[in-house]
Structures are given as structure tokens and as C-alpha cells.
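Let me begin by handing over the structure; questions about it come next.
By letter and in written order, the chains are A, B, C and D; residue numbering begins at 1 in each of them.
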Amino acid sequence: MYYFNNDYSEGAHKKILEALIKTNFEQCPGYGLDEHCQKAAELLKEKMGRNDVDVHFVSGGTQANKLCLAAFLRPHEAIICPDSGHINVHETGAVEASGHKIIAVRGKDGKILPEEILNVLAVHHDEHMVKPKAVFVTDATEIGTIYTLDELKVISKVCHENDLYLYLDGARLANALTAEGNDVSLADLANLTDAFYLGGTKNGLLFGEAIVIVNPSLKADFRYITKQNGAMLAKGRILGVQFTASLSDDLYLETAKHANMQAQKIQSALEELAVPLFIKTPTNQIFPIIENDKLTLLHESFVFSDWEKIDAEHTAVRFVCSWATKNEDVEALIATLRKLYAHQ
Amino acid sequence: MYYFNNDYSEGAHKKILEALIKTNFEQCPGYGLDEHCQKAAELLKEKMGRNDVDVHFVSGGTQANKLCLAAFLRPHEAIICPDSGHINVHETGAVEASGHKIIAVRGKDGKILPEEILNVLAVHHDEHMVKPKAVFVTDATEIGTIYTLDELKVISKVCHENDLYLYLDGARLANALTAEGNDVSLADLANLTDAFYLGGTKNGLLFGEAIVIVNPSLKADFRYITKQNGAMLAKGRILGVQFTASLSDDLYLETAKHANMQAQKIQSALEELAVPLFIKTPTNQIFPIIENDKLTLLHESFVFSDWEKIDAEHTAVRFVCSWATKNEDVEALIATLRKLYAHQ
Amino acid sequence: MYYFNNDYSEGAHKKILEALIKTNFEQCPGYGLDEHCQKAAELLKEKMGRNDVDVHFVSGGTQANKLCLAAFLRPHEAIICPDSGHINVHETGAVEASGHKIIAVRGKDGKILPEEILNVLAVHHDEHMVKPKAVFVTDATEIGTIYTLDELKVISKVCHENDLYLYLDGARLANALTAEGNDVSLADLANLTDAFYLGGTKNGLLFGEAIVIVNPSLKADFRYITKQNGAMLAKGRILGVQFTASLSDDLYLETAKHANMQAQKIQSALEELAVPLFIKTPTNQIFPIIENDKLTLLHESFVFSDWEKIDAEHTAVRFVCSWATKNEDVEALIATLRKLYAHQ
Amino acid sequence: MYYFNNDYSEGAHKKILEALIKTNFEQCPGYGLDEHCQKAAELLKEKMGRNDVDVHFVSGGTQANKLCLAAFLRPHEAIICPDSGHINVHETGAVEASGHKIIAVRGKDGKILPEEILNVLAVHHDEHMVKPKAVFVTDATEIGTIYTLDELKVISKVCHENDLYLYLDGARLANALTAEGNDVSLADLANLTDAFYLGGTKNGLLFGEAIVIVNPSLKADFRYITKQNGAMLAKGRILGVQFTASLSDDLYLETAKHANMQAQKIQSALEELAVPLFIKTPTNQIFPIIENDKLTLLHESFVFSDWEKIDAEHTAVRFVCSWATKNEDVEALIATLRKLYAHQ
């Protein structure tokens, strides 16, 4: 079988693993207070050109989102989020379990629209309703699209004018940063958001996300919140070692570029074959709409997700490539697609 | 410097690391639904002689405790716990953050006494007070002592007669199982508790704890609770791979025995030197009471924790050994202790 | 000014107040354990023809909803609710503050559709999403409509077939029970729901809602949850006294009928004048769509809420009548409406 | 039977009830935004000589405590409290249900000692433990004692020097203010605490507590927290009407004085009879230690609580007097005590 079902099927990139092996018997202080974590944080700060941000390393994306929103919000404060947002759909109510309502808006192509934020504010006017206090965006989005710098600037402006925090989920941020057409940088994110995280789990680490807190008023006591949520690893150095390796020589961009490139090969082939797309994306997730009988054939040799039923005869599916996706796997998939669609 | 400050200063045991390397490029399903997790669970069930328990792997001890108590208890239900219990002192209120009160009792040598449980029940008689519903014990305890089988049997009986769950925190369970004088087995724990976990983080894994749920009424939907708390690793296979290695050929006992043995050498030396002990333990944590001037000298070459101020001139300190503690480090410590105490 | 803005502008119905005065100096046990609460519970059980339900009295509707859902659900379990549902919009995230996600569906005329429930179930299939476990309905709904017995039967069937609790918010239940066209009885609610409450605050009491728990598996320890949420009145007898008065001689139906009747006079007048309705209702809330210039004139003499902007020139507004609404006030409103619409 | 079991056995003081009757048919805005609440708040501010505080009215003491601590604290922040504190013992874990740990200290005579606060701070030094952020005191305490102004000043100083909020539970504050030996005023409380509440439920109201928030940084959005916790009464005017009556002509002091006076008669009689006291108090709760055989006889005619078992033959009991306690009841109790103790 060939796997295109997600970007975390393998372990870690070779260089990440080597770094873990190399440092394995060093004795380090626990809980992320070691030199590797410090080094990784410095590397990330350099890339942003910012020394005034706080960096924290945690194990996964749901954890990062849960911690940040729990740390930043008072009990009655709510988060505005596109209805496709990971926190709204795929985190088993983690944010609500911390006591906060998510106000879902429709969004467009997985992205929130500035006017949707303003609409939410317009109808939340008194203490009988929750108080919108944060906006949640994802880049790349859950459906592989990316924000332009201009889009983020407008959203950031709306947030700051309305006393809302802008928080960016970057589970696939490196894929966005290396996508064709991207004009957003880590420095931009530090300027435009109050906090965001750079994902490692889906980009070649065993696991790990790097949370960046920019807004000074949100920094206090984040380590308390981390520990309280069971998110502080005893051997926190593992996160520091991995991120140091990933951020060195821009490995994190290289792994993301590889994933994007492999996925784009598939998307190009689909376009050539005139297979309709659910959405066209510049990153590592591809969403063709496939006839159900072809689907059955594809599933015989390839592992991938059915994304959304389009009609009785068509289904949008998702092919994901990763840092580890091999050329021969992509070629096998394209070859099969060509065969399936050649007869039409 | 020589490190005796905890049992998680290094990375992973060589065999654990090798297992990770060996399986690194296998493609596995995510979220702990892979064959490695299944294999590890089977190994653990075999050791208990029980096929009817549920096994879940998570990243750390605070996480394990938080998840279990959140999953098992209704909002008004409380946990009875010795006041030295990790959940009561060192988890930043993780249990309370899930909404549950901890009722702390004094305990003796880090262990809860059956009569303390009964006393708590006697004064909690109506709906103006929380409802005690679980008892929390740790083996080995936070101060290195261990429960005897008889002690656990009595506590278990009190729990079951009073409709209380018995939950055992096993962060250092392997150290207890391999301690001199221990007569408790994994099979006993499955018989006597409603749930417990076997710690890996402090026993040679990069990280990882294996939660065992015995009581059938507590099993439902544990994976939902895991995900909701941000505790479900995308690459859950990492936990399965590590535990499979640790549980194979009884590596988990070997690593724990090594830690105990190294610590016991230190304790024997202290006793020979007539250094008073805060508590005598059979496991991998040693608690001598040291004069403050000697303390200063010791801290120059050794990293360890001051545990509790005894009086103006004496402090109880803690030396911890681990699976990775080297002979030469132990010898260096003993040599220094001998030098310090020779002049008396 | 004439008040049509809500159904809680005045204090209590004369008979309620008299009952409070009459019993004021009786010495009663605290916390709802008094004879008045017992008597009120019995009266309510009689009306349902059910002795096997639990009845609890609390102070308000948000409190009733919050308590029930906190008591009934495990942390990862969610509530399906029409998006107009009070818990979704007007309770400041009280349900989320207890840790539970609300899954809002569109509904129709303020009522949930059975197929919406099934759709939610269809997409919530694993532990990465919350687990739908309860359905929330309101009768009369937030926009004054009522459920038919057949509608409730179908919803109840869907719930029970899918292991979902059916919970009914009855803040204006007496208005529904006495509405023209209603064919639902308290006995039906006991048969079809797992729990519901009968509202008193909006029906002539100073405050008070009577929660009825039908499903035996949901009854345990409700008083603990009540106390934990600060919802147990020391002088609980006040609730018992008021409900005993309200349930005696069917005062609760009389007060609700009065409210409905006054509102229906207004609705009839609006229809005569061909004023379009946002929705036609059989209860005590009336929702005409008014031109904005007429709105300004109406607001000069009448207090009422603007409900929803329809377009640049029209607004749906809400007139509410209560047990205390006077004939002359209704006549004044109708006279003004006639004057405003006469010139067209 | 004569009732001495608590201070909420009757309904409301005659003047409170009259105020409710007199204003019953006024039409008021809902949710505490009416003129009666405003008037009551102004009366209370006048008594403090402070215009810069926020006043909120809620239904009960547990509710007041829960709301304040939920509003003031971040998730990892904890409350230091004497172990007899109401939040620690008799609120079914309401504070923990909001996510916060209570750190209980022994206290002395129901009062917290400044050094206990400092001791807690000394051992809570990093993010592995909760962060102490508030101190909870009660005046009069749960065992009837009162704080002196000097005691409160020292505690307040310790709090402010250590960035801790001082919160005072005033369920029986009027009893403290009117106790013999009291030198604390409402103005002092406004100067020394960050927030406190003045209890009405135990002082002649049907129910109601007046929360005073002094610290400007704690004021924001309190009404959101109130609504979210189901603590905002639709007919909030009932609280305003009652407190306006209670605060007019110092009725609140008169009712409290009456309760204290009746209780002190009992305490004097006990002292005359040389009955030992569990604690001597200047307020409305009296705690004699009674032989168990006499206890049985007393319980035949009087309702009161057994407080604490002293030894196999003696029990500390509690007699409570209220604004409604009648002379003849007190005389009957004293006569019986005299008869019981005359034979010795």
C-alpha cells in the first residue's frame, strides 16, 4: 500500500533522529529548562528577528491550541473561528473543556473573513452573551489554502482595533511559508499576531510544536498553564533537540518544501487529467473530486481519506504528502490516476 | 558535576532508542492505533495475566493522573490522597483544573492509612460537601517507600466496601516492583486497583506511561478524554515502540533494578557513616539529613535537591539514581560523603 | 411608558405573594428539604401522573439548564441545539463553562428537526470530535412557537434510538401548554423527555423553575451538583411556597393563558392591519416586522425589543405579554398601531 | 420544638417583606439594572464612604464566593484559606469546580494567621505548584469569632506586599460589625480588602448578598461571570428592594444585633452554669460542650447541630440565633439548661 492519508505516518527525519541519538546521554535539567530548548528558541527568534517574544515547546497541536486559549482568556471570553477550524471540529471540545465558547463563522476557503469578525462583534453586545476576545486562524488552513500577507494584515487590524487577540495555528505553517505564492514570513507573524505556533509534528519531528507569544500581556505564567494541563515533558530537552535540528540550516523549510512539491505533482497531474478539485491548494494537501467507482479502485492500492460527499456519485478526497513521501509513491499514484482517467 | 537530582536527566535507554531508529520509517496509523501500541499493550496484559483490561499510552505522569481522574469522576466527586501525593503538590492544580477537589490526609511514610480513608468518609455525609469517590496512592511513593501487598489489600477492601475507586500512580512502579522487600506484582495491581499506570519516563523511555484500566465501568470513551486533554500523540507509535522494547525481555525491570541498586549503595554508605535518614527507602531515592555546612560542599560537585528543612542546621536532601546512573558517579558521591563524615 | 419588553417586569402574582406572606414566619429546614418544596413536588407529580420522577426547584432558567447538563454529561459529551437556543446564545457560555460543546444546528421556526440530529450524528464518528449525547429543545421556543406532540414524539424516538438524552427547556412551558393548537401535556413530557423544567420566573413567581428528572440514570446526586453551582437556596422554602401556590387551582395555567391572550390580541390586530410577521406564534411573544420610521414613533410610548434587522428599512421587533399585562396597555398599543398603519 | 439550628429558618423580616409587597407591581428593567438595585448600591457605598467601588447583588453565599474567585483568578491561581473556611468544607467543591485549588491552613479560632500565609508562599515557588493569589477570610468566622481591625490590617499588609488579593466572606458580616468588641467598619473593609460581601440571607432577607469589589483591576466584566454562572436573577429588583430596605435606617445592624443579643444570653447562661465552651464568641453562634446524655434530653425539645465530637462522652454543639429568634425560645432553652445543670 502507498500512504497518502496524513503527514505523520513515519517517525522523524533522519537529521532529527541523529540529533536525538547524539545528545541522548547528555544530562540535562528537566522540564524544558535545558540548553537545547534555549538554543531552539534562539534560532526561532533569529528567524523572526525578534528578541522580545516568548517561545515554548509542547508535544502537539491540540495541546498548543488548548494551552494558549486557556492561558489567554478569562472564563466568559470566546474565540471566533472558521467553522472548519481544528479547534472547532477535531479537538474533542478541548477549548470548551477549558470553559470557552467557540463562535464558528462560515469562512471562505478555510479562511476567516474580516467582515465575519465584525458581524460577530455586532451581535455580541452585552453580558448575556459571551465576549468575543480572540480570533483563531490556521495557516496553511485545514484545507491546504494559505493566507496572503494582505489578508493577515487586514485581519490583524480588525483584531487590534477591536481588542481581540489574533492567534494562529501553525500545524502546517512551514508548508504555508514554502508554498508557491506565499508572501508571509515568520517576522510578519510576529508583527501581526498575538501568538502563534510553528508545527513540527507534521514536518519531520517525532512530535513537537513551538509556541511563540508576542503580546507581552499574554506571557505571564505560561509555564504554570503548561504544567497544569499535563503538557510539560519531564525530558523537555527532546523538544529542544528536535527543534534545534529542524531550525538549523533551514531543515524545517526543506522538509516542508518536499511535502509541497510531492503534493503539487499530484495536483498538476489531476489538473492535466481534468479531474475537478474541491479546492486548489499550493501546499501539501490535495483535494480532488473523484467518482465513487474510481474511488473503490484507488482505495485498493492507496491509503487516503474521503473528505466530503459531494453528491450521490462523487466524493472529495484528500491526498497528503509529507517530508517523507517518496518519489516512487507519487509516481505510482499518478500512474494509477492516468490509467483511471485515460478511458474517459 | 555529577547528577543525582532526578531520574530523567538523560534521554532513553540504548535499546529504546534502537527500537525507535529501527521502526522510524515504517508507515503507521496515527493516534496510537498502530501495531506497536497493540503489541505493547499485549505484552503488558501478559505480565498481568489479564486480557480484560484496557491499556492506553500517554506522555507523562501528570497527564496520566489528570486524564484518569477526569475520565472517572463526576463533577462533585473528590479524591482522597496523602498530602505528599503528586497530584496534591506537584501538578499545578491539574486535578482541580478538571473540577475535582483533592482531600488531603496526612498519611504515614508517604502512604495512605486505611483509617484515614474511613475518617474522610465519616465527615463527608451530605451534599454540602464533595463526595469522596476515589483514593489515590503512589507506589513507589514520592519519598521512595513501597506498599506491601497486605497494605494494598486492606486499602483495596476499604475502597470496594465504600464504593471508592482505587487509583495507583506508578511513575516509579518498576522501582517498587524490583525493590527489596516488595511482594506486589502487576497481577496484584490488576486485582486490587480500579486503574493504575506503569511509568516509563523515569525508567528509560524518552517519555511515556502505560495506563491500565481494570474496572469495566471506567473504560468507556477514554480515548475521547485523552484527545480532549491534548494528550493523544499524532505519532502514537512512538509510545508503542518504546513500551514494546521496555516490556520485552523485562528490560523495564532491569532498568529499575539498576536505579535501585545504585541508590541502595549510597544509602548503605550513609548508614555506615551513621548519617541520619529522613526516611529509609528500598528504591531509587535516598533521603539523608545533612548538616548545612556539609551541604554547601556537596553542592559544589553534585546536583541534587534539598527536600525539607529539618532545623536551623540540618536539611533533608534527596539523591536520585536512574537506569543511567554510572558506577563512577555513585563512587564519587560515596567517596565525598566518606571524606565529609570521616572527620567526625 | 407601556412595557412589552419581557415577561418579568413585575414582581409576583398576588396569590404567590400572599403565600409567601402567610408562611413567612414558619420555621422550616433549609436547602429545599422543607414541606413546602415537598408539597410543590407532589402537586407537579400529580399533574404528570408520575410518582417516579425527581423534582428540584432552582432560581432561574440559565441555572436550570447549566445544572442539568453539568449533571447529565461526561466531559467529552456535547449537546445538539437549534442555533436560536437559549443555551447557545443568551447564557454567556454557561454550558461551555461547564466544559461541554454545544453543536448548533439551524432548526426551523426555533425548533430542531429530527434530520438535523441525525446529520450531526453522522459526522461525529470518532474520538477526535465531541460525542453528541443530548438534544436541547425549548417549548415554547425562543421565538414563541410550540412543538406538536407528534414533533416531540419523533424527536424523542430519534434520541432514544441513538442513545441521546432529550432535555426540554420550559422557561415558557406554561405558555406552550395553554397555547391554541397545543396538544402536549406535562404527562407527555414525562414520557418523552429525559428531563425538563417548568418555568416560574416568567409566569408569575418572583423567581423559580421546577426541574423534573425522568430518566432514572440521571437522578443520582443532583443536589450535589446544585450546591456546587451555588444554586441551592438556604431558604429553599421560598421556591416550594411559590410553586405550591402556582400549581394549586392551576394558577400556573391561568397566568400563562392571560399572557397568551393579551399577546394574541396584539397579533390579531397586526394581522388585521396587514403588518407582516417575522413569525406567527400562538403564545405570549409577538414578532411583527415594522418600518423603521414607525419604530421610532412606537418606541416613544412603548418599551419593547428590536429583534432582528430585516433590511435597511425594516426591523422585526418583539412584543411580550405576561401574567401581569393589563388590558389598557394592550389597548393602547393596538390603538397606536392602528393610527400608524391607518394612513397607508 | 424550638429552633436554634441556623439563621435562615424563617422567611424575611417584616420590613423586607413590606418593601417587596409595596414595589411588587412596579415595572422594572431586568437583571439588576433597576433603580432599586442602584439605590441599594448607593446606600452601601455611603456606609463605606466610597464611591469608587462596584456593588453586585446575588442570591447566596456560595454563589458570591464562587463568582468572585472565578472572576478574579487565572486557572493556575489558588486561594489560601483556613481549613474551617466555608469554601473549603461546605460548598461541595464549588471553587475547585471553577478550576482553582484551595490551599487550606490550620488557622486559629477560625481565623487565618499572617505567618500561615507566608509559609504557604515560601513553599510555592515554581510552576510545578499552583500559584497562591488570594487569601480567603470570613468575618464573623464559621465558628462565630471576629477579626480585630489590627488583625485585618496585618493580613491585608501581608497580602498587598505579596501580590495576593484579600477576599472576605461576609455571610454573617453584620453580626461581626455589631458584636461586642468589634472595631471593624465597612469603611475599613473597603480599605483593607480587594473584595468582600455583606450577607443578607442570614440577616433577615429572603435571600441576597451584596458583593463589593474594591480593587479596580478586579471589576471588569463581573456581570458576564455572574450570568455565566446562572447567578443573574431575571427579576434582580427583588435583591435591590430587599437590600434597600435592609440598609435603610440601619435595619441590617438592628437585625444582626438582635441575633447576637439572643445568642449572648445563652452564652452567659452557659458560663454561669460553668458549661465549658468549645469557643467563646461575641456573635450569634454559641458552641458549648455538652455531655452526651444531656444532649439527648436537649434534642427532645430543641433543634440544633452537633458540631464536633470532643471525646467519647462529650460533644460540642452549636446554637444559632437569628434576627427572628424570640425571647420565649431563648428563655425556654436557658431554663432547660439550668434544669439539666442544676443537679450537678
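Note that a contact is a pair of C-beta atoms (placed from the backbone, for glycine too) under 8 Å apart; a residue touches a chain by one contact, two chains touch by 3 or more.
Given the structure is predicted, the values throughout are model-derived calculations rather than measurements.
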(message) Tell me which has more C-beta contacts between its two chains, A-C or A-B.
(response) A-B
(request) Sort the other chains by how far their Cα centres are from that of subunit A and give me the top one. (result) D
(request) Provide the C-alpha centroid distance between subunit A and subunit C, rounded to the nearest whole angstrom. (result) 42
(message) How many angstrom lie between the centres of subunit A and subunit B, each centre taken as the mean Cα position?
(response) 34
(request) Mark out which residues of subunit C touch at least two other chains, giving numbers and ranges. (result) 75-76, 91-93, 97-99, 127-128, 130, 224, 227-228, 232
(message) So in the complex, the part of subunit C that touches subunit D is made up of which residues?
(response) 3, 6, 8-12, 17, 20-21, 23-30, 59-67, 91-94, 97, 201-202, 206-207, 224, 227-235, 237-238, 324
(request) State the interface residues of subunit B toward subunit D in the complex, per the touch definition above. (result) 75-76, 78, 89-93, 96-102, 127-130
(request) Under the touch definition given earlier, write down the residues of subunit B that touch subunit C in their complex. (result) 31, 70-71, 74-76, 98-99, 127-128, 130-131, 221, 223-228, 232
